[in-house]
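To keep things simple, chains are lettered A, B, C and D as they appear, and every chain counts its residues starting from 1.
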C-alpha cells in the first residue's frame, strides 16, 4: 500500500508539470519562489539523501553535484547553492532531471517491494508528505512566475483555482472551557502537531464562511490602504514600502478589478472567496470590521463544524512549539523547529493542496507579508 | 499624591541626565536608540499633547514645531520627523528643552492642584508610566551611544548596573492545571496586561536563577556561534550577517573578555548575571543546554516564588493580544496594540527599570535581534 | 550588398545559439546579463520598431506586447519591463521568438530588395551593428549564467576563447605632438566616435603586448588583494565589499588556479592573456608595476603598430563626449550619449567580438567594476 | 611669515565655530557631512601625525586614542573609526578638542619659531591648505546638518552666502589651438594640479556669467524633473530614486520657492546665482538650453577674463591624473590620487572658500550627485 502511494504521489508531481513548456521550468522570479525543475529534483533528492543513501548499501549516487544543487535548507546534509541562484541553473536540463527521478524511483521501487521496518516506512511517508508540500509550492511558485509576465500566460484553461464556492454563513459558538488540541489520530503528522495538549478557551464565535472578494472590496472602498488606523505598525510600513493597493495578482484595468489566475486574467468575482492576502491585510480587514482573527486553537476546535479547505487561513497565533516539542536528531530535525520565530500560523488547506494532504491539526506557517499562497480570511469574535 | 508622584517621576528623568555633557544629549547612534534630549522632550510632549491641550482650554502651546520634532510614533497626532533623523536635531538646544519641561511642568502643576476626574487622572498616570519607560530607554540608549565610542566613556563611576547579584539556584515546579494570568490588582497597568484569563499549563519547572556570564562562556567555549544546530534559522542568518561572536558590549582584549558598562570597561565577571543577549542567543543557549525558555504564562505563575528584576527575561511567547484586548480610540490606542506581530515577550524588569515600574504581569516586547536592553536568560523544562 | 550583410549578421546570432538547450535561453543571473532569448528578441525588436514601423506603412506589428517585453532602455519607444525581470519571462517561448525573428526578417528582406535612400540604409546598418554588439553580449552573458553553475557546463568543446595568443613584446614609442583622433573613414561608426579632433600628447610608450595570466599571478603573489596602497579608494572598497580575491571565473582547486571557460573548467595558463578583470584591478596592477594605463588617445595613436583584438582593454580615460558631439533626435539618440558619466573607455575588441565589428576608433565603455566582458590590461608609461 | 599664516588659518577655523552651540558640534546627518567637532580635531590631528610626530623627537602625543578617532582616510596612518560613526562620538567633548588644538598649536608654534628646511615648510603649508579645505567643509557640512532641521536654525543673521552678485553677461571666445594648463606659478598647489602640459582646444565660447535662480526656474517650469530627454541615464535614475524636484535646500511654501541659507529660510531671489545643484542637474540644464558645460581646460583658459569665485562650477571633465602625475610615498600620497575615478572636476571657488585658497588651476572633485557644496553652472558652446 505504501508502494502504491509512493507511485501516486510521485506521478502527481509530474502530472502537474505536464502543461509546462521547457522554458517554464527555469525561472525563480523571487527568492521564495523556486523553479519547477528545482521542485522536481529536490523532492527526488530527499529520497536519495534521506532514504536510499542511509538505508540501501548498494545504492549508487546518481550524481555527486546534485546534493549541492538540490538541497534546500538542510545544513546537516552539507553545503548548498545560494537560495537566490536557483533560477540560474539551466544544467542539468529538464530531461535529465526526469531521468534522475526515474533512477531514484527505480531504486525506491526495489526498496518498497521488500518488507520495511517501521522507522524506514515512517521516513518514506515523511518523504511523500514532503513531496506533497512541494506540489503545492510548485503550483504557487509557478503562478508567481507566470503572474510576473505582463502577457499573463495560461497554465491550463480549466485550472481556475479561484472559482466560486458554495459558502456557509453564520457564526459557530465555542463554549468556554478546556479543550484538547494537537494530533491524536492514527497515521502521519508533522512533528509540530505533536504534543497533544490542553488549552483553555474563552467563549467565542468563529465564522462559518470565509471572506469574499466582494466583502474585501468594501474594505478597499472604505480606504483600506490609505488609513493607518486599521493596520499593525509593521503592516502599515509594508503597505507604504511596497506600495500595496490590492491583494496580490489584482490589476485594475479600465476601471474594473481583474486578477491573474492559472487559467489567465479574469474579472474579480464578488462572490468568489478572497485569496492572496497577507497576514497584515487579514488583520487590518478584521480591525476594520470590528472583529478579529481566530487563534489556531479556536480554529482547531471549530474545524469539525465548518467548511474549510479552499484557503489557507491566517490565524492570530504565532508559530511556536507545542509542549513537549522535540526535534529529531540530524537532518529530519531541521524540518520544522528551526522556523519557530517571526511567522504566523495558518490553518486549513487550500485548493492547491494535494489530495490527502490536509488535517485539522495541520500547522502551516509563513511570514506575515507572504501572499503568494492561496491565503484567505476567516473572522472570529 | 498624584501631584507628588508627578514631581518625583519628572525629576528622576532630569536626575538621570545630570552626569551628561551637553554633547551626550545629541547623538542617535542607530535608529532604535534615541538621543537623551529627545527623551526629555518627548516625555514632555506627551503631557502637552495628551493632557494639557485636550483638557486645559487656557493652555498655550509652547512651540508649534515641537509637535513635529518630538512625536514618536503617534499617527493620530500628526506628521513627525523621520525616526532616523533624531540625531541631527541640534536646535532647540538642551537648555531650551529644559525650559520646555519647566513650562509644561508649570502648567501640569496648576492642573494637578485642582480636583481631577478619574479619566484625567488615569491619563496622567499613563503619562508617568510612559516617562518611566523612557527613563529606562534613556539609560540603555545612552549606553549604546557611549558604548559605540572606542574610548569607552564613563557615565558614572558608581553606575555599574551589571554587578554580581545574590542568586538563587534550583528549579521551581509548576503543577499541571488551569491558572489565571493577566492584571487583576488595583492601580495602573497597560492595556496589554488586561483581559485576565485562564490558561492551561502542563507540569514544568522554571529555574530560580538567571544564567550567568560563566555559564554563557561555557556555551561560547562549546562553539556557540559556529554551529548551526543550536540556532533558529533566522538566528543563524543573524549571527552570520552581523558577524555576532559574543553578547553586545563584549570585547576580547589580550585574550580576556571585557564588557562595556556605564562605569567603563570592565573584565567579565563569571559570577555576574548575563546581559545584552538577543532572543536568538537565548534560544540557542537553551537548545544547547537541552532545556527551553519558559512561556510568558509559566513565568508569570512562577514569579511570586523566584527572584527577578535584574534583567528583562526573554520568554518563548510571541507578543499577541490577550482575550478581550481592546485598543482605546485615538492616540492612546496606538500605545501597544499595533506592535503585536514579530516581537517576543520579555518578562520581569531590569536594573535600569525605574523604581515602582515593575509588575509580574508586565509585558515588555522586542524584536528577536534586540540586545541593547539589559536582557537575560532564565531556563525552564 | 546590405541585403547580404543583413542575412549574415542575423544568421550569426542564431548560429551562436545553436549549442544551447532551451533551458539556457531563460535565466538572467544578474541585472546586467540578459537571457539569450531576450537578445534574440530585442535585436529583432530594434528592426521592427526603428525600421519597419516608421518606414513600411504596410507592416503589421507581430505582437503588441513585444514592445513592452523587448525594449531595452529606449524611453522614447515607451514603457518596458523592469530590467531585473527579464529572466522571469518564459512566454513567449523560444520557438515563438524564432518565429518572430523569421517574421521580421521576411519583412526586412522585402524592404531590402528595394532601392533604399541613404538615411534608411544607415539606419539598417546601425541595426546590424547593434545586433553585433548583442552577439558579443550574448556570449558574455551566457558565460556569466553558465559560470554561475557549480557544475561548470560546457557551451562548446572547441570554444575556448581564452587560448594562448602569439604575443608581441616591447614598447611602442609615441612622440610628443598634436594628433588627430576620432573616426574619419568611409563607412559606419557610432556617434560617439565622431568629432574627429586634435589632441596634444606628451611623449610616452605603449606596450605592444597585453598582460598575461602569469604576470598577474605575480601581482597576486605580491599581495594584490590585501594591500590598500595599489588601489583606488573605490577599488579598495569594492575588493572588500565583494570579497574579490582573483579575476572573475577563477577558482582555486587543490592549490591550483583554474578558470571557467565556455569550453569548461580549465587550468589557468600562465602564457594566456589575462581576461575578466575590472578597471580597478587594471589600475592596481599598473600601480604595482610602477606603470600606468594608456589614455584612449594614446591607445588610438599606437593602435596601427600593435596587435590588438583579443581583449577589450581598459584605458585611463573616462567616457565623455568628443567636441561637437551631437546626439540624434528620438530613440536613436539614446544610443550612446546618455551614458557619458561614471564609465571608463575600453579600446580594442575581444575574441568574442563579431567579425567586422572592430575599429581602432571604437569606444566601448563600462563601469569600473565590470568584469564579465573579455577585458584585459595593456600598460603604458 | 609661515608662522603668521599658521596662526591666521588656525584661528579662522575657530572663528567659524563661534556662532555654534555645543550641540551643533556633534551631529553627522549623513555619511559625507562630518561634525564640526570632527573637523576641528581632524585638522589638528593632521599637524600632529604628519608634522610633529615625524619631525619633533621631543613631542609627546596628546592622546593615543585620537589617532583612531580623528583619522579621515589615511590608511598609512593606521585604523580609524568607521566613517558613518563620527556623529556618535560625544567624548572627548568640545572643550577638550579645543584643548587639543591649543596643545598642538603650542608645539607647532615652537617648531615654527625655528628655522625650517624646505620639505618641512612645504608640509606645514600643505597642512594649512588642508585646514582651509576643511573650513569650507565645516560650513557646508554644518549647513547640511542645520538644513535637515525642520525649524531652519540661523547660523548667523549676516551670513547669507547666497546673496545676489553683480554679474557679467556675454560669451567669451576661445580660439582654436594649443594651450598650456596646470600649475606653473610660485607657491603652493596640490599634486593634482602639477604636470603643466599642453592641450589642444577647438574654438568655443564660455559664458561670462553663471546661471541664475531665475534661469533655472525656467527650466523647472519647462518640466525639468519630469522629462527623461534632458538627463543622463544615471541622472534620470537619481531623480526618480531620490524624488528630486528642485535644487538642494529649496522648499515650496504656499506656492513660493524658498531656500534654506545659513541666515535662515529665505525666498529664492531670481537674480541670485544658482547653487546646490548636482552635476546631473547641471548637465540636464545645459542639454535643455541646447548648450553644454565647459571642459576643465576650456574653463582654465577662459578664467583670467571672467568673474569666478562664487560657486564651484561643474565641468564636463572627469577627475583624472595629469601627465606625469606622481603620488608621493606614504600618507601624503593618499591626498588626491586615489580618488581619481567616478568623480567630476569642479573649477573656481565658492563663497564658502577660505580667503587665499583659490587658484585658476585648482581642481576640486565630487561625485556627480553631490549637492551640498555651493555648486553652480556655467555654460559653454
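The definition used in the following text is that a residue touches a chain if its C-beta (ideal position, glycine included) is under 8 Å from a C-beta of that chain, and two chains touch if they have at least 3 such contacts.
Quick caveat, the model's predicted, so the values are computed rather than measured.
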Inset, instruction - Show which chains lie in contact with chain C and also with chain D. - result: none
Legend entry - Graph distance between chain B and chain C, where chains that touch are linked: 2
Inset, instruction - Could you pull out the chain whose C-alpha mean position is farthest off from that of chain D? - result: A
Inset, instruction - Determine the centre-to-centre distance between chain A and chain C, using the mean Cα coordinates as centres, and give it in whole Å. - result: 44
Legend entry - Centre-of-Cα separation between chain B and chain A, whole angstrom: 37
Inset, instruction - Mind checking the centre-to-centre distance between chain A and chain D? Centres are C-alpha means, answer in whole Å. - result: 57
Inset, instruction - Enumerate the residues of chain A that touch no fewer than two other chains. - result: none
Legend entry - Contact pairs between chains, per stated definition: A-B, A-C, B-D, C-D
Legend entry - Residues of chain C defined as touching chain A within the complex: 21-27, 29, 37, 65, 68-69, 81, 85, 87-94, 145-146, 148-151, 153
Inset, instruction - Would you mind writing out the residues of chain D in touch with chain C in their complex? - result: 73, 75-76, 178, 197-200, 202, 228-229, 231-236, 279-280, 283, 292, 316-318, 320-321, 323-324, 338-342, 344, 368
